[in-house]
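Okay, so chain A shows up in both of these, paired with chain B first and chain C after.
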Partner chain A sequence: MKKKPSVYVWMLLPAVILFFSFHTLPVLQGIFYSFTNFRGYGVWEFVGLDNYIRIFNDRNALNAYGFTFQFAIVSTILVNIISLVIALGLNAKIKFHKTLRGIYFMPNILSILIVGFIFNYIFSIFIPEIAENTGLTGLTTSILGSPDHAWIAIVIVAVWQAAAFNTILYLAGLATIPQDLYEASALDGASKWQEFWKITFPLIAPFFTINMVLAMKNFLMVFDHIVALTGGGPGRATQSISLLIYQDGFAGGQFAYQSANAVIYFVVIVTISVFQIRILQKREVQL
Partner chain B sequence: MKKSAFVVSVAAAAVLAACGGNGGSGDGEVTLEFFQYKQEAVGTFDELIAKFEEENPGITVEQNNVPESDTVLLSRLTQNDVPDVISVNGGVMYGELVRAGVLTEVTDHEALDGINDEYSDMIARIAGSEVEGHYGFPHTVNANGVIYNKTMFEELGLEIPQTWDEFIALAEEIKSAGETPFYSTYGEAWTILPPLNSLASNIQPDDFYEQLEAGETSFSEEYGEVADKLQQLLEYTENDVFGSDYSRGNMEFAQGEAAMYMQGIWAIGQVQEANPDIELGVFPLPATNNAEENRLVSGVDLVLATAEDGDHPEEAQKFVEFLLEEENLQLYIDQQRLFSAVEGPEQTDEAISELQPVFEEGRITSFADHYYPQGFGIDTMFQNFLLEGDKAALLNELDSEYERLSGQ
Partner chain C sequence: MKIGKTNWPVTLLLIAGTILILFPLYITVVNAFKTPAETAESILALPVEWTFNNFTTAIEMTNFFNAFGNSFYITIVTVVFTVLTNSLVAYAIARNMHKKAYKFLFYYLVSAMFVPFPIIMLPIVNQMSSIGLMNQNGLILLYIVYGLSFNVFLYVGYIKTIPKELEEAAIVDGCTRWGVFWRIIFPMLSPINATVGILTALWAWNDFLLPLVILSDRGDHTLPLVQYVFQSQFATNYNLAFSSYLMALLPMLVLYLFLQKWIISGVTQGAIKS
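And then the complex of A and B:
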């Protein structure tokens, strides 16, 4: 008897083809071009590892990596602190906590670009105007125009936007903790502080892990916030890696060179995510 | 049976046209894509397209204007998806398109005869010496200088400066009269280019790029003075220079926040829109102390070109010819306040007609930034310099970036 192909194969095949042609193929193409001097059009030839070597001596690239890491680490820490605090608050027995959950989730629904343009207005017109009228001389110029401080504005917008999603994850984690543990600890006379460190935090450790990893990965890939707020400026002070790849890769005619950068960038993100998961999961087991 | 099919196709065509005319490749029906980079000109082109479509039934022109058009156009080139008719700035981008070999050659086209040779040569030079012939039609010409508030100048009894020293003295005078000389918007890096070009084009030797290519000169040798002067001008601003952008600059200057505004004449339309009562004038920025040698920076604002292997070359050519007709160009320059590259149409707007004699005498030079290698972020480098004030680092970076980009 001839064996008929399983129905699963027919269900799987279109997905595999789609995934391959729209995901795997472009990635392979990008890797291929990173070994050439292709400008995006016209003639090209192979240059070997030249692009890769040049990136490590490229000040703009190093500057972008520096900025992106600084931004991502600060934002990841802030987002996790803030969203954990919000989640604990929303999980408490307060009035309207369902409505509040809805409101706190709002920033995540809005497009980052639009939010960014609104904040751009706030930072460069609204705040300086208020500062001028109240005599706060330190704030009369736009924070976006200062190479030393523009990154703070981006952190504010990014954290404001990302906290919503991480709060939801923490809320889901808090819902998994059985109430009787708190009752038992209350009988033993534990303070609220002890309750948090000894029960709540250890029990939501897996959610902490996933939040740290997701936040870090998302912040390393920061793009639209910067486009809407500073466009990478002033100078190159807030140019993130993805923005550099986009700006120089397309408009700057460095398609192949920035492809090489993208490959390195991909490797970096994967390495960091795997490393984070390893470390943080080990901590989970120990607890 | 046949009749109903016809009705259906007419209905379908009508629906398609109503949806903005995607597709529409039925019998004798041609849709051209007109990729257009100027946001300010969308309305004017809509008007011209309506007229063209009326004169040429069967051809529909779809205007496509996107933000960051250079980037979009380059990424479309990577997919070999070239628009039928392209309008680009006569700068680095035009050169890239020509060298990429995607434009139709128009060297023998008769429409080129009506165009001022100076401008055809200007864009040919941008395309580079390795390319023979012409691949686009210069359409309009702009200029880059100092826009000033006429009313304020009259009240203070000021005169148009002819030399750099007079220019600085003028700024001093405005300052001591309690007004602000300049409004600057360097938060948006490209707005550094108008004053930068005025200075660089006049200060660097005319054969700077040839020398640079031959390794006989460097940015360090020629751009020190440019950097100093740009920095000096910054002392005469009072606004939050690095926190302001172009559109805010147009608004504030229109409200009389400053006496002078170093921008291209393309900004005048928006300034007047923000305050219709303002009286403006323009003069060339005097970059040196040799009044005879100071020239106005002018370049081709718009080049029209068609795709080499487009689907409808004849119709595309027809549309380009239509845009170059005297009457249509006149409408365009009236609305956009530019100068025509084709002989005939004249600019009569009061604000910029002062520049007409400069053009007639030929005291013009082209934009320095049109000849830098692609991806040379001179505006960002100068933005950094103006913030940090480290001239040695700037000159160093200019040279090393040039080396990096021209070497690849």
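And then the complex of A and C:
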């Protein structure tokens, strides 16, 4: 038999070449440049691990990691609680089931950037004005201007948008639970609360895992929300890791340095995702 | 089927909750039709006289129809090519998963899902500018290529469930492997094609970061990008801004109104697989 490249090879080859050139190659380049002092243009030389060492002493970088983690953890927890509650509601015997589901999913189809601009107005103009008229002195200045509290505004917008998606996933999970389990537990006299913890929650555990991992991963990459709301400010109070890499990597002449930051960022995201999956799946099995 | 009485307390709570979703949109709509003087009186009130002036001005200032056309072009071309090419790639992989090389290729593509965009961002911009692709077509190419990771994952899972016997019969009848794919497999992929199409369309239409770094020419700008430039330059006239935001959001909202069921189930299917 002659050995001729299978037709499958021709189906794959162009895609593989393109994927390697436009995805893998840039990743490798990024890793390569992280060991140099390349500014994005001009001459460069190898600097070994200098960039990596510098990041651990860089206040801006540490601040970005601190902010991003704080934001991501709080948002992940809130999104999961809220979307689980909405999903339980939508799964109950309610009227206008389809319309309500449609409305609750709507934020997911809208551009985060534009939604962010709208909320920007609400936070910076609408709420302060309402506060002034009603005498709530604590809220008369925009929350976006406060280095200590601007992150809360970003959490609100992020949760507003992301809850839609997580709700739909939880709904899909709830649909997999056989109804007779509830009938049996009702006969045994289980309370609603017991029913939730003993039946509903264990059975949607895989969906809880997916939601926690996806939400965390997405929130760690937060970018659009921040551009629309604060631009990273005041100062650098709400500068996320992606935003830092974008801002200083392109405009700040820190191409190589921010590449090193991106490599660390990559390792962090993979580590957290794997860790989460391990922990959460262990829980799934036990229950 | 669910039996029993309607749970009215939950229904009412959920209806009350929709206020939180609809309120930002309400603010946007009413203020898009008001003058600054009217907004200064009350942000919440309905406009006394609905004016379309904001829209005409915003259309001019943002060159709205150009941006809409760009977003439309980018999204349509991306979706069409993504569905046509990514499914083909997945087919070749799915039918050869028992071979090491193909299995490796599968994991190679899928593992790229974990690579955060910022690590590619700086080098890809350098690379794209050196080959002169800092434009819409370059952007489309990146969407199609970057979509592979997730889409191959979706398609392979689906194709595995399609029995091979159909294809073998066609091959015996003299059909080529390409013919098998386009005539037999591809039509059978409709449900998953819809899912991939919807997810890709949502991504390409709403994406901000990739167009921001790739589209160098202002005439190429997409709807989100135009809002960004607009916001940073004309931030003071809120009514104008709101009419601009509304116009940018409207195409997706209208589409959603008609295709709601499809969009939700498409997104759900995609997400559950992952």
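Brief remarks on what is shown
Rule of thumb we're sticking to: the second predicted complex is superposed on the first by the 285 of 287 C-alpha atoms of A that agree within 3 Å, B and C clash if a C-alpha of one lies under 4 Å from a C-alpha of the other, contacts with A are read in each partner's own complex, and residues count from 1 in each chain.
By definition in this document, a contact is a pair of C-beta atoms (placed from the backbone, for glycine too) under 8 Å apart; a residue touches a chain by one contact, two chains touch by 3 or more.
Every value quoted in this text rests on a predicted model; they were computed, and no experiment measured them.
When the shared chain is aligned, chain C comes close enough to touch A:Leu18, but chain B does not.
Residue contacts after overlaying the shared chain place A:Pro202 against neither chain B nor chain C.
Contact with chain C, but none with chain B, is seen for A:Gly102 once the two complexes are overlaid on the shared chain.
Once the two structures are superposed, chain B and chain C can be ranked by residues of chain A touched, with C on top.
Once the two complexes are overlaid on the shared chain, A:Gly89 sits against chain C while remaining clear of chain B. Applying the stated contact rule after C-alpha superposition, one finds that A:Tyr265 touches chain C and leaves chain B untouched. Contacts of A:Thr140 after superposition on the shared chain: chain B is touched, whereas chain C is not.
Legend: residue contacts after superposition of the two complexes on their common chain; A:Met221 is shown touching chain C, with no touch to chain B.
Looking at chain A, you'll find residues 40, 125, 246, 250, 255 touch chain B in one structure and chain C in the other. Partner chain B is touched in their complex by these residues of chain A: 37, 40-42, 58-59, 123-125, 128, 140-147, 231-237, 246-248, 250-255, 257. Interface of chain B with chain A (complex): residues 68, 70-71, 74-75, 77-78, 80, 96, 99-102, 186-189, 240-245, 248, 374-375, 377, 380-381, 383-384, 387-388, 397, 404, 408. Residues 7-9, 11-12, 15-16, 18-19, 22-27, 29-31, 33, 40, 86, 89-90, 92-96, 98, 100-115, 117-119, 121-122, 125-126, 129, 160, 165, 168-169, 171-172, 179, 210, 214, 220-221, 223-224, 227-228, 241-242, 245-246, 249-250, 255, 258-259, 262-263, 265-266, 269-270, 273 of chain A touch chain C in their complex. Of all the residues in chain C, the ones that touch chain A in their complex are 2, 4-8, 10-11, 13-15, 17-18, 20-22, 24-25, 27-28, 43, 85-86, 88-89, 91-93, 95-96, 102, 105, 109, 112, 114-127, 141-142, 145-146, 148, 176-178, 181, 202, 205-206, 208-209, 213, 223-224, 227-228, 231, 238, 241-242, 245, 248-249, 252-253, 256, 260-261, 263-264, 267-268, 271-272, 274.
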